[in-house]
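Okay, so chain A shows up in both of these, paired with chain B first and chain C after.
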Partner chain A sequence: MSPSPSEAPVLAARDLRVVRGGRSLVHVEHFALAPGDVHVLLGANGAGKSTILKALNGLEPADGVLEFHGSVVGSAAARLALRRATAAVFQRPYLLAANVRDNVASGLRLRGLGRNAARQRALEALRLLGIAQLAGRKPGNLSGGEAQRVSIARALAVDPDVLFLDEPLAALDPPTRRALIIDLLRIFARGEMAVVWVTHDRDEAFAVGDRVSFLEGGRIVQTGVPVDVFAHPATTAFAEFLGLDTYLEGVILRGMDGSTRLRLDCGMEIACGDAPEGPAVACLPPEDVVLFASAPIEHSTSLRNVLPGMVNTISPVGRLLLIAVAAERLEVAALVTRAAADDLGLAVGMPIVAAFKAAAVHPIPRQERRPAMSSSGGGQS
Partner chain B sequence: MQIIWNGLVEALRLLFGGDADVYQIALRTLWVSGLALCFAVAAGVPMGSVVALNHFRGRRLVVTIINTGMAAPPVVVGLLVALFLTRNGPLGSFRVLYTTWAMVIAQVVIALPIVMGLSLAALQQLDPGLRQQIVALGASRRQSFILLLREIRVALLATVMAAFGAVISEVGAVIMVGGNIKGQTQVLTGAIVQETRIGRFSVAIALALILMTLAFGANLALTFIQQQGRRQE
Partner chain C sequence: MTLSARNQLTGTVKSIVLGSVMAEVVVDVSGHDVVSVITRRSVENMGLQAGDTVTAIIKATEVLLDR
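Here is the complex of A and B:
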């Protein structure tokens, strides 16, 4: 669903600032939402995701330029027009004290549609979400998942140009989340609306996003296609957020053969991914680190970095185990399955060899605090 | 004991014997309190909403004044209204002192803070997220206001009941500004006071029974509507 860069954005923001009590809460230098795009705003709690979403939706007064279909949204009337051409779903469903059908019809009624026509459209939206059987129920008789589906049906019923979703799945259990994601992706695949989806869940962002923007301190620090952005985080905060447990500080050096090496502060050198020469922090995804009971034969593998060491700690991470390996002068983390750990007979203190490809080591230049664009995200947002 | 028994018998005779004076007093009471209630609700709910839904400097002071007004003694309200309406007062030119209009004004002043305070409290108890959701649904300011009132309709009916109870049972202010003039400004509470003072307990009991019946009937109707509303939620 990724749009071509030539498509005019449905929604665009330039230098958008939300200031409260003299303090700037968020500052969006540039944002553009293409038709049919699902753009995820990803970040930790307090990063300003929801505030940006509300500023984009006209719910939060903001300085700067906000454009909807090319027209500047400045006046209160323009903000109301924006809200009537869009729809929003929040973490909690916030249903009105009416039955499900009338709840779903409420947005249409506010737009002046007659009662019967609104109810008919509401039923169609309920069918789209597979909950037509709930039409006569009261909000108090719904489960959390059902109530959120009703809230989403209410938003879809108005046929919005842009759908704003503010952590819509955060309060739901995993099976309900999965089922709702599948349904939403089916609906988004029609390309009838653009979506701004706020989440702090990186897996959710990866699953639904055509593009993802990572937020730090109220600013977008990186935008791009999820697969690129997640592989090449622009800041250590983003790398930490993605769960990259190993950080190596040093200086990038280029060899005569064009290969890139990172000379660590401890003096050791490791092969790493491509980067400009100079000071850098490199992160190493733990899932890219492979463990061997003994050193692999050099020509039998493409793993350029081989570090003998010993198991320092073993920590469960969901169904996997995070193994901290203390090598001679540094520590790296590896993520392994419990079956693999059993095969290797892993125990704290036992000798082990950690190995990883040069491409797995992603260097981030140390002047990291200025906003950065991923290589794939420069043109759009 | 005999006095009470005789009073009850006389009361029933007055009630079901078609005593014109008693019915006139009862109707006047309903008219004065009903009209005052309508004015108080029409003005008090929007005013309470403005305070509840907006942030402005001095808001806390305004809320404190409203809450104090809810507990204002009716005789003090009567005194203030009388001072304004007396011939030399700021509103003396309207010449409404010792008329039923003066009694309506006094009861509006008594009911207004109750309606404002209780509707304000009901709106403040709503989740701010619901207000945001209503705005995000595309509601204009007027539509948001109507939807929010619909959300607190059960609490609003309780507000109306409380205000009605306060004005229909009030005696001090209506006597001070109405004068308790028989056939002109006398309402049930004033008449009960007068009949008790002159020792006509049977009439006083009859009037008290009518007053209680009116209060019960009005609250029964409002409670019925309120519970219907709850069932629909």
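Here is the complex of A and C:
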């Protein structure tokens, strides 16, 4: 799990603790942010995500070891240097009463850049976020999504080594959130900065993270590549947090007739909901999966995805049963009533056919992962 | 056909509206309309036409109640 020497972490923490009133709020045993990586800190409310973020960027006094580019961040001067070389964006944009361009230039001015140079760099950052046309506007005349783009442009303008994002999309509506995710991934794919991204949203974590760390009670309980970690949650709390969805990762292909398919890494293709061509991740809710005792006759059903397999596990979920079906190259979960399970005579090891509508698979576009990224993961940190 | 879905309503296809990718199929089940949105490809694969007898299948976990 530790990065190779050629990939020395930009930011690393060992035994980092934030203690308040004699009580330990968070304790990070080990954290390493690789260059160019988007590392997501995922967890429920109160898991300590924001406190860990502040400990990592020097805003929150902490015991233990924090290293930036291999040097220990100990003194007040070192903490200031860390803050100067990084930038943070929060759920609320916190804009000044000045116009958009001056807002974006403000971080550069604080760092000592001259007015004209700062305003020029600000304009470049606004272009990067696709909002150059807002340069002369006042914050009061911006939508929530526009204001957050300005806040992100202000952070990017200082060309940070590390960008800290604390629930940056939580206050935005779903279409605005999705558009901003696509733009941010495009910017991050250039690999010019490493990112620590705090969120409570599992889909967001799945869509943006090169690595994800799950937090419980102020501790990181698991770190790895999202598709591995999400498929093998290490704790019951994490499994419950993820819900019961099947997580899929692949590439969207579009047919001549406009229909879309998701080609999984294993080579298998499944019919899916509408999405642009390119890399994507998708969740399949288990309530949308139907089980058949035997495969329906071809073209007798509107279900486009029909996967023969066998019952792998049967787990009670409240009054329902979660049936994990191992198909040839893919495991999918189906949520069924106990009466349905009785009708089918479900038992572990028996052949079964899982089927689901194309529209049940909702793909989220994502950028191509960088080749430098480690493929290991899923282990306990 | 044995399957896990608890609700299987047999009826007659009343109308089919084809979109570019998706299609809306209305099934008359004993005087009640049941609407299904499926892919256009599925309509073509099944050779669905108005007047066909079909079974609308709905999982118990998807049925909402109102009083």
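The rule is short, and it goes like this: the second predicted complex is superposed on the first by the 242 of 381 C-alpha atoms of A that agree within 3 Å, B and C clash if a C-alpha of one lies under 4 Å from a C-alpha of the other, contacts with A are read in each partner's own complex, and residues count from 1 in each chain.
Here is the rule we go by: a contact is a pair of C-beta atoms (placed from the backbone, for glycine too) under 8 Å apart; a residue touches a chain by one contact, two chains touch by 3 or more.
Just so we're clear, the structure is a prediction, and the values are computed from it rather than from any experiment.
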Touched partner set for A:V336, first chain B, second chain C, both or neither: second
First, second, both or neither for A:V40, with chain B first and chain C second: neither
Residue contacts on chain A - larger count, chain B or chain C: C
Touching partner for A:L59 - first (chain B), second (chain C), both, neither: first
Partner chain(s) touched by A:A271 [first = chain B, second = chain C, both, neither]: second
Touching partner for A:K357 - first (chain B), second (chain C), both, neither: second
Chain B versus chain C as contact partner of A:V73, first or second or both or neither: neither
Touching partner for A:L163 - first (chain B), second (chain C), both, neither: neither
Chain A-facing residues of chain C, complex: 1-6, 20-22, 36-43, 45-47, 57, 59-62
Residues on chain A engaged by chain B in the complex (per definition of touch): 54, 57, 59, 80, 83-84, 87-88, 90, 92, 94, 96-98, 106-107, 110-111, 138-140, 154, 158, 164
Complex interface listing, chain B residues touching chain A: 127, 129-130, 132-140, 143, 147, 150-151, 153, 232-233
Residue ranges of chain A touching chain C (in the complex, touch as defined): 257-260, 271, 274, 287-288, 290-294, 296, 299-304, 320, 334-337, 339-341, 343-344, 357-359
